Amino acid sequence: MLSTHVRNGWYLGAWSDEIGRTLTRRWITDIPVCFYRLPDGSATAVEDRCPHRKYPLSLGHLDDEGTLQCDYHGYRFDGQGVCVGVAEQADRPKAALRRFPLVEKDGAIWIWPGEAGLADASLLPDTSWLTDPHWTHVHGVVPLKARHLLLVENLLDLTHETFLHPTSIGNAAVAATPIDVTVEGDRVGFSRRMIGIEAPPFYEKSCGLTSPVDRWQDGEFHPPGIFVLHIRVAATGTEEPEGFHMKVLYGMTPAHGNETHDFYALARDYLIDDEDLTEFQHKQQLAVMQEDVDALEAQELMYATDPGGTAESSIRSDLAALRGRRALAKMLAREQRGNVPV
Amino acid sequence: MLSTHVRNGWYLGAWSDEIGRTLTRRWITDIPVCFYRLPDGSATAVEDRCPHRKYPLSLGHLDDEGTLQCDYHGYRFDGQGVCVGVAEQADRPKAALRRFPLVEKDGAIWIWPGEAGLADASLLPDTSWLTDPHWTHVHGVVPLKARHLLLVENLLDLTHETFLHPTSIGNAAVAATPIDVTVEGDRVGFSRRMIGIEAPPFYEKSCGLTSPVDRWQDGEFHPPGIFVLHIRVAATGTEEPEGFHMKVLYGMTPAHGNETHDFYALARDYLIDDEDLTEFQHKQQLAVMQEDVDALEAQELMYATDPGGTAESSIRSDLAALRGRRALAKMLAREQRGNVPV
Amino acid sequence: MLSTHVRNGWYLGAWSDEIGRTLTRRWITDIPVCFYRLPDGSATAVEDRCPHRKYPLSLGHLDDEGTLQCDYHGYRFDGQGVCVGVAEQADRPKAALRRFPLVEKDGAIWIWPGEAGLADASLLPDTSWLTDPHWTHVHGVVPLKARHLLLVENLLDLTHETFLHPTSIGNAAVAATPIDVTVEGDRVGFSRRMIGIEAPPFYEKSCGLTSPVDRWQDGEFHPPGIFVLHIRVAATGTEEPEGFHMKVLYGMTPAHGNETHDFYALARDYLIDDEDLTEFQHKQQLAVMQEDVDALEAQELMYATDPGGTAESSIRSDLAALRGRRALAKMLAREQRGNVPV
């Protein structure tokens, strides 16, 4: 059956610190996935359906040798997902779990829910700043009851900060400043350089800046599900590399139906030992995300109840989002034609 | 996409006192509608989807000049629904809201959710008694999780009062008294004259009458969604215009799916300054409506789970309801053929 | 419309003590059924939709003569389901309720929701032990939000006791002991003889046995919805008929959609006056069923979200369940071709 989600691509499946020697279920692109770690510490992800009678493996047991047992009829699987036996008979059933390509790096576990042979770790963006000792970050995941595309478009058009986040990261300068858009293959980038503007409240408090400031937003969408935002704020006229740098990683991972996992990491390269600042930034990040979640869930209802699809009006600031939408549509079409990259 | 609801017709959209300078969403025939008032006090209703990215306008802002702003990306619309600008660019997007014909009179706001060119205010029934100084009334709206047709049929066959409302407005005389039915174009009327009957409890208490009484019910269905009931009760033999008169207006407005707004107004022409009586009548009205809501929701489940549709048995007292059902079916068929009245 | 449930077969509709002179609704194979008793005490079951406007009859009234009145518009039906009149007119509407074949015996009411002409009481299994004075039993019904087939397969493959019920009725011996399977027409039987095994906790406490014991499980599936399990436990080497005997009846009755009524009766032939033992066994039975309900509901989600249907791996212990699945599929196909037994 065709999924409406692109599956041939990397998605953030879990933060490293979420997965251990217990069994964790998470839906990824309509597939129930069971995450766990083998005795050597490596992360593993398998389809959460026993090949015998589809019972969730995440309700089973993992032993010290890394053998996973289904707790309905006792099928047992080794770390490669191969069935190694059942109590009911001496001979081993010919059965294996579907096991998903994973890459774990910089504290994140990336999963490729589509055709395993196409998984290419070089497609992952640089996330070394998550573990760079000159940076510090917070991270987590927020549930979102809205389709993945709406989150992608939210992040590719940050002019919404002006209207949706006016008490924190948004002000008039964001919507008033046009973006430059670049497309390289499937990737979409945009750049917004706000020069000599009023400092939004979050940056005022976060960096101790007073207006006027320069504020840079450089976004990268790695479709289907990764967004990285490079931020720089500084007193107007300060030369690079001086100033305050921040980075935000969003893992936009389709869950089930029109629900999405909204993974985030927010990092900075200044006052990295200031725990009060870290706590303040984390609270602000979650408050901003809640504003987005509320808006996207309201928007989701308007799309879900308008299947005929009235035409949409677009403006120049939509360019990156439209390019992102097109990239996703192309990936999905390619996938449904048989996964041949064109 | 075809709706299962007739849209070319007047529906009660809101009571006048529900709509002000704030934004109010209400679903009407599967369309999300945003109601508000312009600075001149006139009521306005637009589709509650911004033409940009469908975000609900009812979550936006209305300024003192009557400009409505979408709070996701800032599209702004004047009182005619025309986009007057966005912060993102100097030139104005070519976009307009879908705006619905409204008629506000006698404290009610009527909406025509279909083709605007067909809206004809002369189709509205007389409701002058809602504001006539010799009458007083109460009004409100009750949510109903049942399809519109079941409410229409409920009101067009009041024999159910005998069985469903035996402690208030119903007694054996209702079911035992046949009706006269008249059809004029799409309109369906019925008349039930109960002469020399026992007074039902509600009229006993409401009018201080003792049996025997005469009780008249004259109903008018203005399809798709308006029902007016003219009631007269009097000691048996009293000549018109003596006796107690009441009128009930029902606005039966399809909301979303199989849910319906059940608007009501109950008026009387006697003891109009007796607030205790008003309160008593309002409580009784709501109690009777709750009995109907419970019954219609139970009935809805029986229709929803019987899509094959077993044949129905009908009796003579169903005649008005069957005529109403036919009128609605004809309107819907006409609408789906292209709105040409035949 | 075709149902996904076999309807030409006996299902447990209710325990005798559940049905009286009040009206009880229960969904059976997607049909709302209204159960009640006539003045002579006989149980009756009719479709819970009034033929007039589908209003639930279970919300109506039953009078002392056994006349059932719909409380929406007053249709009245005699004990045969024939309409005997309405208050609205002198002549009787030609209408009748759909009435289902019932057999009441041994404290259970069996219903045949399909074609009445095919109902054959001789297809019912022997349940005389439910009322045999040398036996005692407990019974009840548990709601299950999982499709009927999953419950059938659960009971036809008791190796799951080892994994799902390890603290009560399961231990390693169950999964380790193969079954013999017999098929007679549509009926499927299996037999598991565990000899010289460790006593599972439930039988230790219930019978005062110490290991080693012999444990017999003889199951009979009478499709579509009846399962009888004959149990014998005894100190190893004890000859029949010595030892402890128990019987379990499961009525697996499709309710609505993928929900199922899970009826049970648990009986024993020893210490039949020991009420503490009865209470202990009832608690254990319900605890075991709750483990099954939790597992089957988790499994249901995995089937419901996998409509494409990945192929299943099977082992020898699945044989009875596979035969049961095949019997159900054949019955359904036969029914959809026109109920001609082949």
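As written, the chains take the letters A, B and C, and residue 1 is the first residue of each chain.
Here, a contact is a pair of C-beta atoms (placed from the backbone, for glycine too) under 8 Å apart; a residue touches a chain by one contact, two chains touch by 3 or more.
For each chain, UniProt lists the protein as follows: A, B, C = Aromatic ring-hydroxylating dioxygenase subunit alpha.
Values in this document were obtained by computation on a predicted structure and should not be read as measured data.
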Between subunit A and its twin subunit B, rotation from the CA superposition, multiple of 5 degrees: 120
Interface numbering overlap (same over half, different under half) for subunit B and subunit C: different
Rounded Å distance between subunit B and subunit C, as computed from the means of their C-alpha atoms: 47
Two or more partner chains touched - positions in subunit C: none
Touching residues (chain side subunit B, partner subunit A) in the complex: 1, 30, 32, 48-49, 51-56, 59, 69-75, 83, 86-89, 93-95, 256
Footprint of subunit B on subunit A - complex, ascending: 153, 157, 159-160, 162-164, 172, 175-176, 178, 295, 298-299, 301-303, 305-308, 310-317
